[in-house]
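Pasting a structure below so you can have a look.
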Amino acid sequence: MKSEVKARPVSRWRGRRLGAFVFLSPGVTYLIVLLLVPLALVLSNTVFQRGRFGGVVYEFTTENFERLVDPLYLGVVVVSLKLAALTTLVALLIGYPTAYVIAQLPRKWKTVALVAIVLPFWTNFIIRVYAWIILLSGPGLVNSLLGTHMELLYKQGTIVAGLLYSYLPLMVLPLYSAIERLDPQLREASANLGASGFTTFRKVTLPLTVPGVLTGCLFVFVPSFGNFVIPEILGGSKSIMVGNLIRDQFLKARDWPFGATLALALIAVLIVLLLAQAWAARRA
Amino acid sequence: ACGGESSTSSEGTTAAAADQLKPNADLSQQTLQITVWDGYTPAELPQKVKEKLHVKDMKVTLHDTNEIAMTKLTAPGDSGIDVAFVSGQYAQALNAAGLLEPIHPELIPNLANLYPEATQLSYDKGNKYSVPYTWGTTGICYRSDLVKSEPKSWNDLLKPPSWADKKVTMMTTERWLALPALKALGYSLNTDKDDEIAKVKDALVAQKPHLLTYDDTTFGEKLKSGEAVMVEAWDGWCPTTDPKGNIKFVVPKEGSDLWVDTMVIMKSSKNKEAAHALINYILDPEIHSWAAENINYKVPNKAAMERVTIPKGSLLGIKPAELLNGESIIDLGQASTKYTRLSTEVTAQQ
Amino acid sequence: MLKIDGITRRFGEVTALDNVSLEIGQGEFFALLGPSGCGKTTLLRIIAGFETPDAGTVTLDGDDLLSKQPNRRPISLMFQSYALFPHMSVAKNVAYGLERERLPRQEVKQRVGEVLETVGLSAHADRKPAQLSGGQRQRVALARSIVKRPRLLLLDEPLSALDKKVRADMQLELKRLQHEVGITFVVVTHDQEEAMSLADRIAVFDSGSVRQVDRPVALYERPRTPFVADFVGANNLFHGTAGGLDGIKTDDFGMLAGTPLEELEAGAKALLAVRPEKMELADESAARGLKGSVLDVSFYGGVSHISVDVPGRAKPVLVAVQGASSVEVGAKVKVRWKAEDAVIMAVDA
Amino acid sequence: MRRSKLLFVPFWATYVFLYLPIVVLVVMSFNSGRSAYTYEGFSLKWYGELAHDDRVRDGLVNTLIVAAGSTVIATVLGTLLAVGLARHSRSKLLDAIALMPAVLPDLVIAIGLLLFYGLIALTLGLYSTVLAHGLFSMSFVAAVVRTRLANADTSLEEASRDLGAGPVETFIRITLPQLAPGIVAGALLAFTLSLDEFVIAYFTIGNTEQTLPIVIYSMIRFGVTPKINALAAILLLVSFTAVIAGQRMTKIGEARAQD
Amino acid sequence: MLKIDGITRRFGEVTALDNVSLEIGQGEFFALLGPSGCGKTTLLRIIAGFETPDAGTVTLDGDDLLSKQPNRRPISLMFQSYALFPHMSVAKNVAYGLERERLPRQEVKQRVGEVLETVGLSAHADRKPAQLSGGQRQRVALARSIVKRPRLLLLDEPLSALDKKVRADMQLELKRLQHEVGITFVVVTHDQEEAMSLADRIAVFDSGSVRQVDRPVALYERPRTPFVADFVGANNLFHGTAGGLDGIKTDDFGMLAGTPLEELEAGAKALLAVRPEKMELADESAARGLKGSVLDVSFYGGVSHISVDVPGRAKPVLVAVQGASSVEVGAKVKVRWKAEDAVIMAVDA
């Protein structure tokens, strides 16, 4: 009997470890080899110097980190945060009701609506962004239709619209996935207790779909934050974002050490966000 | 100019001892892999090269910008590229990094077709590691029917008159972002002096509220549509041959640059004989003239240019001597980050 | 007054409710009784507004209910599967309905405290539903629906997961609510004793139709149809043909004594029903009664059930006696009853 | 329960927002003129030009190979990862690492992989891009699937174990069907993102291959031409056809399963 | 034989199980009875392998169970919340366990058909759980766990959503399984009658501890602790001090007649319990008995409960009589009992 008592925790643990191994090892191996090792390679550059003609000179320096705190770069970070946050907010505001309606649709329409969300994205990112130029530019469609000559492009608002357009599906899909599994009886119970549709949404549906909201927000916020193509094409590079900074270091200045340092800073911000997200999702 | 000297004599050329190449190597044992801008070589080039040079195979990779090409070429590991097309100052940087094979002139008899001026370009005097493919300058491209007065000075772009307010564009590729202000202020395009760069920055920041946008690629479209009336442009991309005939190009009185897009052979190439043969083939007037006729850039190839019939309004007529008035952009090594920083600081300005 | 008129609801091939009409008075305690799957939940869901009938109307005090949104109906429904909000504590779940009425915080707090006290969960106010046992969850669901004191309270198996003690307390509480607050109750229960003891009237359902609506004692003592006789309480049924005012004729047992509920045509098919507690177990040598042998004796606490195998009957005859019984399995006995304790009813062809 | 009509406003707004530019693209693809802005008359000539463009065709084929390959990797690994993280791990750090590829700027991943592939002297090809796209797609799939696992009722899995199914069988027969809508959403996302991805593909693909975004990126430097619009229109047509065919197939599959 | 030894399980502050030990024999029908939240479900979940105890061991025929994965235990658990697979039809749900044993298709089909027939759901084989009523779902859950015929069957409130008729059928079926297949049953039920009639032995739980394990009749007639006396069946309890072999001394009623279960020290605190059905309702003028007035008469079908308010007692005395009662509310009566029908037990200080 005694030996059984001892044997128990060990073998239960073994059972759990086996599960962990089966489920986690393929993905984790993949992450280590193709994410962590390459990231380590990039980040190891942060403490070295730019070679005279680009490339890396393996001499230790802290200069990159000193540059990092320059108000110039902080200003760019603030703008990026602002635009990304705004994009995320708008995406959530229109993405949530959309996902909600899709989740309630009859089964056959559900798939259709869902696929219709991503279908435009099976064309091409750059083509779609250019489509906005056709729409919004001086001689573009909107102005022709309205008979006006407004300058609609090259503004921060245009950047937000472009980011929104690019990342809205990343908001809708996780939200759909979260809303779809809610027990409809909970909404019924809420209505029965006198809650209006909106209150039910606020008090029951929304709190129960917080994990989906968090995932969607992360999916929209982060690539918006790190984007460089849209500020360039739709914003005319008049406001740049963190992504542009990093891109410029890697591709223009060929200052990989500083580019890696900026990337490190970005990753640090992301990790904080990701940890917060993981924490909030587990709590929800 | 001083930057040019220092880099041509830098470690690159001296360190990279030339391989022994066999003039009569069996090219059918070699393959070719080139990287080039889209549309910058004839689509049927690989086919023709295979037929003419009897190489086993030839493949073309496209790159969009010099910077991306540089990233691929400078990454650790074998890029697999034999011949790369990059602009002059990048060829200079690649060479300085020891990545280029010196050109073996004996394997490229067609070098003789080049204008003499094209062998004395400051980033690579004597074509030691690069062979020029196209060249040109930068100026103001404008709508003659929409401007109240013809632009003459870079200042017309930097401080646009009220009728051009928010109807001008600039390029952001950093050396070209700085060019108008550098020239307007009378500085060298290759300056690395902090105070001069600071003044340039002030000028560009002051200009920013009056810009339509920064644009490196589609400024021609914007002129045609009338969204912009004056833009900073490379000569070949200024659509002066537009049938409406209302687009003109001017090199401002303060002067401008001379840019060159070149062909280089990678040191890592295992097909160096074939690479030389390819460059030689491209310098053939019949092939090289294709570039002038199709991409509207002048080629530094006398024999080729003579074959070209120059359409009305085209800038192909600019003579090499005129081009040489422009200052060559050379790689500034460590100091080039100052221009990145300038570009960042200007664009980051809200 | 709640008036249900001609309600029909189909799910594909299944007709869950078939032309159901009921009238339930103000302040009445009304029970729905019927076999599993007969449509009870469906009816409650229609009244509450979560199911739309294919035909029929529902009015509350003359107002059409069906056209109202669920949250606008003065009705609380306790769900058979509870439907507790998993992200809210017990107290929050219970407070939910009150908060929707914009009651002052203090009042909400007080009423929630009271009702949790009533259902015996004061100590669990801060727990989440996942941290509760089955019966505790059911009590939260009950508390959540009664705390609102709506005009109409619909309870779907409200006490099925509770032990006898707690259940008795809850029953008392429901009665109190009915009397003090004057709420109308419609309660689904499979527990007949519960229905009998609590309800003013009971509707017996079968396959989507109402079979009988009556006061408990009448339902028990005067079932009008064989289904009700069989379904409500245990019963010993004998088939035969009407044989005058005092019995039926059977093939196997001859004439059996009983009292017809209504006049029956002689020769019509009829059913005679005797409750187990009206059955008497007599000695084998007794003069009257059907002969049989004891098959099984089951002890149910307060009563014992004795199954007696009577030759000629497929099902044994059930006899209930108070307390533990001393009769032995295998004993030869006779079962008999008084004519006034046996009910005779017509059988639909 | 009746749904609020009001919710349909943002719902339709979303679709209008997503499709307006697409409609414009398609209309302009029939432009007889060269301009992207002014419609000069109906013409199919841009489609004709496209038909002869080998680069576009090869790019399309490569893109589909990369998208399909990476979606398969991502869906399998991402789903396993999501379940593993939700059921077998308490590590928040692991949670965060699993999400990183989805949220790191493409460029950082691209450069990292370029360095890594260089370090191990890998000869690049389509497969190196498949692996790279698999990386970020896996992360998206895992995240989407996890939103379904949160708060999930574990008693179903318990019931399955109780009935004699091992962890793997329980996963396949019980967990997976529960997760199906999440997995489908995740796979859709993965496929979509890969179809569209440019930067990482650019740096990880072999020198002889190109994906469509790379081809388009170089075509588009001078702005949109109707030829590119025509390409977009054809892509849309292909997508619609694929989706409708897919719908049909699932319907037939379901009908079969019913028997 | 199932041996549970010293099992303890805590959830944060709550001790759901506190050093529980039980031995359940091969083929035994064992019932767990206890108030809501006393730890019954937790115990079943530990046996089935979904909860790890903080201390204690569980062995089945000498084999340690706790070290086994749930799917390797020869045990079926029917979940209190059913846990039906929503994506599978009824038939698929039921077949699931058999398919895991890699039985031939034909056999699976046949056994599923049989068990669905047994639970009365043959017509619903192709429906999804969402299309079933509450009781139908419960029957699917029951079918799913019994179809495997495991060595040990754990049923958590298996019949709570069923009406009396179906429930009686199911009870018979469970009994049949026990006898024919020799399965050991551990059944949680809040239905005492069910426990009494089905179980060979019953364990009464309270707040995580076992209070008494006994055969039904013994448990009912000889409760060993006040908790059991009060919890199992209705009871009339009188507090007092031990007063010899034939009664207790009370403050309000003097000496009350009864039979001590064990010898009690004179003057020790004691409790006297009389079952309602052992109570006799006598005329006001009767010689013996406690005086009181009738407070309420409730009809429960087979029996009626009469509450009698006896001055000096907070709770009314409960009297059960068979059938409907003729006594009127307000009537003056006396209640009395025989000494051998009243049980006297010690009260822990």
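When the chains are written out, they are named A, B, C, D and E in that same order, and each has its own residue count from 1.
We adopt the following convention: a contact is a pair of C-beta atoms (placed from the backbone, for glycine too) under 8 Å apart; a residue touches a chain by one contact, two chains touch by 3 or more.
Each chain and its UniProt protein: A, D = ABC transporter permease; C, E = ABC transporter ATP-binding protein.
Nothing here was measured: the structure is a model prediction, and the numbers come from that model.
Engineer: Tell me, which chains sit next to both subunit A (ABC transporter permease) and subunit B?
Structural biologist: D
Engineer: Could you find the two chains linked by the most C-beta contact pairs?
Structural biologist: A-D
Engineer: Need the CA-centroid distance for the pair subunit B / subunit C, whole Å please.
Structural biologist: About 91 Å, centre to centre.
Engineer: Could you work out how far the Cα centre of subunit A (ABC transporter permease) sits from that of subunit C, in whole Å?
Structural biologist: 56
Engineer: Between subunit B and subunit D (ABC transporter permease), what's the gap in Å when you average each chain's C-alpha atoms?
Structural biologist: Computed from C-alpha means, the inter-chain centre distance equals 37 Å.
Engineer: Give me the residues of subunit A (ABC transporter permease) that touch two or more other chains.
Structural biologist: In subunit A (ABC transporter permease), residues 15, 137, 139, 188, 191, 197, 208, 250, 284 touch at least two other chains, as defined above.
Engineer: In subunit E, what residues contact two or more other chains?
Structural biologist: Residues 69, 81 of subunit E touch two or more partner chains.
Engineer: Hunt down the residues of subunit B that sit against at least two other chains at once, touch-wise.
Structural biologist: Answer for subunit B, listing residues that touch two or more other chains: 68, 71, 225.
Engineer: Where on subunit D (ABC transporter permease) does subunit A (ABC transporter permease) make contact in their complex?
Structural biologist: 1, 3-4, 7-11, 13-15, 17-22, 24-25, 28, 36-38, 76-78, 80-81, 83-85, 87-89, 92-109, 111-113, 115-116, 119, 131-132, 134-135, 138, 140, 142-148, 150-152, 167-168, 171, 178, 181-182, 184-186, 188-189, 192-193, 195-196, 198, 212-213, 216-217, 220, 223-224, 228-229, 231-232, 235-236, 238-240, 243, 247, 250
Engineer: Taking the touch rule as given, give the residues of subunit D (ABC transporter permease) at its contact with subunit B in the complex, in rising order.
Structural biologist: 35-37, 111, 114-115, 117-119, 121-124, 202-203, 206-208, 210, 214-215, 217-219, 221-223
Engineer: Residue numbers of subunit B touching subunit D (ABC transporter permease) in their complex, please.
Structural biologist: 33, 35, 37-39, 59, 61-62, 64, 68, 71-72, 75-81, 217-218, 220-221, 224-225
Engineer: Looking at the complex, which residues from subunit A (ABC transporter permease) come into contact with subunit C?
Structural biologist: 183, 185-186, 188-197, 199-200, 203-204, 207-208, 284
Engineer: Contact residues on subunit A (ABC transporter permease) for subunit B in the complex?
Structural biologist: So the residues of subunit A (ABC transporter permease) touching subunit B come out as 50-55, 72-73, 75-76, 79, 137-139, 151, 153-154, 232, 236-240, 244-245, 248-255, 258.
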